[in-house]
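Take a look at the structures below.
Consider the two complexes below, in which chain A is the common component and chain B and chain C are the respective partners.
What follows is the complex of A and B.
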């Protein structure tokens, strides 16, 4: 892997609540290099969105962030609000899941893209607007000069997501974090948006952190994958490590729950029984243990001892946090 | 744009219909009261003969419907009461004639309106500033001392009667501190400084009372707005807190605030009865109250209709402004 542009070490996020501190992210590491794509995968509540918000410094004031977030070697955790503001939207940009609610309904899309540009460039509104039109054109909005004056509700879902991407890319950020960018879109539009992200990534050498629960999309675009469960890393490796040599029962569960074109449609998709533990209720053992089909083979250790990431066979730094030593066969 | 023209035309047409229905209702209500206005004008001793004369002169001897039609005709063509040298002429638009005051209702309203408008407009500017800024401050400091303080002020404001606060203000600023005049009104055209100096206490009293509901509304709206996804987008773009709160947060909270403001102002322009009474100002409210005391039905009907017209007009203006403020309404 090339020199990473964004490195996260032992990131921990704890929310102070009335019922005491609740850990949402409990020590994760990841890194992404220019032009590469890291996918962070996991169920709702696994801490993947909280992690990205922590990187951007966008968490509410009751969240405590510890660990290291290095952008090109520069520490972002604990940075002055104003310094962080200069980085947000300029060096690191965010693409949200729901483009309709992510856009301000009261301003034209051109104005909103131009605002993102003006916040980091000392230019006139006119120049910024011209730049916005250019950007809208680049992300494939037809008749951009005219459409820039339209409001978000006048666009289709796919076009709105293009607007959000234009807004994120207008300052040529070095890192783009896309939080489920295609979840709200239908499949053909999904493919177009992912293609668009791949194109700009190639053109500008942007590092992409893709947060997703859609393993189909992940298989398509990711270089590396981080599987999160209950605020911790369950498994990480290259995309081939995960799809061909998955070592964590949770990863296997996710793969089994994915519809596949090479399996007869009469076969039911497998599901992972139970639901993820709520943050704060995790006991000493493996957080996945209550839902794990392999607990019996390992025994007591799963309940008493929390598994750490340990190396697994694979291409690069393939690691999984599971007491099961070798790769588990799929339990039907 | 022709859309908005059509909208206004339709609404104005509807306004005329509502005013017609309203005038009929008001007319019937006030003419159904058992007292006879002619009694007051007939002098003492009031012989049945003279009473009949007075009734004929005031056109009270006709049927109620005929009187109402006379009233309507008077608006467009003017009216003449009696004939010969004693005839009283009420020029169009004639909204009735006050025999006790010896003047057309239209003139009376036109004379009193500047006083009421001065009170209402000055107070409106103040309460909007106070209410919105305290509301924003409360929302930004939710749950903390400043929030509690603002909400407390709002609660006191909502529950204090205007005559109490008015009298206390006169007592404190007028008599004890001897800072401001305790009553009276000086026309703006005579001396703008004296005008403002006489009005500053009623402005403050009304503003404090009215600001209460604006604090509460702004606070609630801002709390809702600041939780929306597009606020996070604004932060992610690198907008500073002030820009996030004002340009993105307050902009969305504006529609309901402007709606309330328009209706409140419309209502107040029809006469701030208690405030005018407390500060001895000869405004519309004072005109209405003394007319009720003297059974001056023409004035009561005229002022009531005028107030109703202002409220309908305020509704119309609010709807137009709403369209201008929310592109989802105007760019449907």
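What follows is the complex of A and C.
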């Protein structure tokens, strides 16, 4: 792997609530290099969106963030607000899931893209608007010069997501974080947007952190994958490690639970019993233990001792946080 | 031939847009001429992208909406014009499971009250044993009867929605996006539950979904909708392995496959779905189709058997040849 542009070490996020502190992210590490794609996979409540918001410094004031976030070697955690503002949207940008709520209904889309440019460049409104039109054209908005004067409600869902991507890319960031960028879209539009992100990456060498629950999308675009469960890393490795050599029972369960269009259906999908724990209700042991089919074979250790990410022998950087010493088979 | 549970004949559903003085009233053609049959024991998948009219069709089929034109038959009886109290026997045969269990369960009612509502609507009173039996069928237990919807996870709430639909012992369940609000691991539990109920109770289903993989998992037959019409219909194996309509082909090719490095030919459609207020003349898909020719703009193609098949239908002037003849 090339020298990483974004490195996250032991990131922890705790929310202060009326019911006491709730840990949402409990010590995760990841890194992504220019031109590469890291996918963070997990179900709702796994902490994947909170992690990305923490990297961007976008969490509310009741969140306590600890750990290191290094952008090109520079520490972002604890940076003064106005210093962070210079970096955010410029060197590192975020594409939100819901384009309609990420756009202001009151301003034309061209104005909004231009505003993002003017925040980081001392140029006239006219120059910024020209840059916005250029960007909208680049993300595939037909007749961009005219459409730049339209308002968000005049665009379809897919076109709005293109506008949000144009806004994120207008300052040519080195790292792009995309939080479920296609979840709200139809599959044919999803294919268009994923193609667009791939083109952008190739042209500008942008590092992409893709947050997704869709393993199909992940298999297609990711180089490396981090599987999160209950605020912790369950497994980390290359995309091939995860899909061909899954080492954590949770990853394996996710793969088995997903219906596929490319193979004839089996009568039953394999399932993971129960549902993901809510943050704050996690015991001392392995957070996946109450749902795990292997816990009986390992015994007490799963309940008392929290497993750390450990390298899989002979598999390079492939790591899993599981006490089971060997590879799990198909989850029953 | 097995019993027909549901038959739709040339069903249209237009939603009126109010006219302004200088403009004629317009209509959104949500469903624009659909004919469709569900037989006993079948699971039929209804797939399409947002705005294709699949949810509206499901609501017309359950008589939650009145069709603008066409006929709805349930159990061999014409129920198109049946209203009010006389719909009760219809409701006993066909029930609906909704997408969002958060929104379709009353937060102020206990599970017991929620489950007894269908009985009361039919003019009967359930016994506690009956309610517990319903909970057992969907994998919940007696202790859940006194609880309220917020005390359950998303997957459990969807189970309650299914139990409510089962209360009147229907023959046919129409499920509108039953798992799209759920996490992958929970989604699989609910899909397995639907399969188990089919085997135990001899239920039939119409499963409306935008997720093509979900439909492949559960449905024996599948109908693909685009802009208010069915463009292709047939046994799942045939439609998924050898799609005949260019839209189906593009749709299937757009679904990402969870296998890194898999090489697949992808047809990326350009543009967006046209507005259902003024759909294109002729074939509704022709504006985005890679095979479109002049004839496609003339008259809307009708569903007809694909070469060499009897049950596999496509509405296209230039359908893809059967797999055996493809190179």
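We take it that the second predicted complex is superposed on the first by the 325 of 332 C-alpha atoms of A that agree within 3 Å, B and C clash if a C-alpha of one lies under 4 Å from a C-alpha of the other, contacts with A are read in each partner's own complex, and residues count from 1 in each chain.
Please note the rule applied: a contact is a pair of C-beta atoms (placed from the backbone, for glycine too) under 8 Å apart; a residue touches a chain by one contact, two chains touch by 3 or more.
What you see is a predicted model, and the numbers here were worked out from it, not measured in a lab.
Partners chain B and chain C, once the complexes are superposed on chain A, both fit on it without clashing.
Of the two partner chains placed by the overlay, only chain C lies in contact with A:191; chain B stays clear of it.
Note on chain A: of its two partners chain C and chain B, the one contacting more of its residues is C. Legend: residue contacts after superposition of the two complexes on their common chain; A:106 is shown touching chain B, with no touch to chain C. Touch criterion met: A:150 reaches chain B, while chain C stays clear of it. Once the two complexes are laid over each other on the shared chain, residue contacts for A:60 go to neither chain B nor chain C.
Of the two partner chains placed by the overlay, only chain B lies in contact with A:167; chain C stays clear of it.
Of the two partner chains placed around the shared chain by superposition, neither chain B nor chain C is touched by A:19. Applying the stated contact rule after C-alpha superposition, one finds that A:98 touches chain B and leaves chain C untouched. The gap separating chain B from chain C at its narrowest, counted between C-alpha atoms of the superposed chains, is 9 angstrom.
Within chain A, not a single residue is touched by chain B in the first complex and by chain C in the second.
Listed in rising order, the residues of chain A touching chain B in the complex are 56, 58, 81-82, 85-90, 93-94, 96, 98, 101-108, 115-116, 119-120, 150-151, 153-154, 164, 167.
Within the complex, the chain C residues that touch chain A are 49-50, 153-156, 183-189, 191-192, 195, 210-214, 216-218, 237, 240, 250-262, 266, 268-269, 272-273. Interface residues of chain B, counted against chain A in their complex, comprise 228-230, 232-241, 248, 251-252, 325-328, 331. Put simply, chain A touches chain C in their complex at residues 43-44, 156-159, 186-192, 194-195, 213-220, 222, 239-240, 243-244, 253-262, 264-265, 267-273, 275-276.
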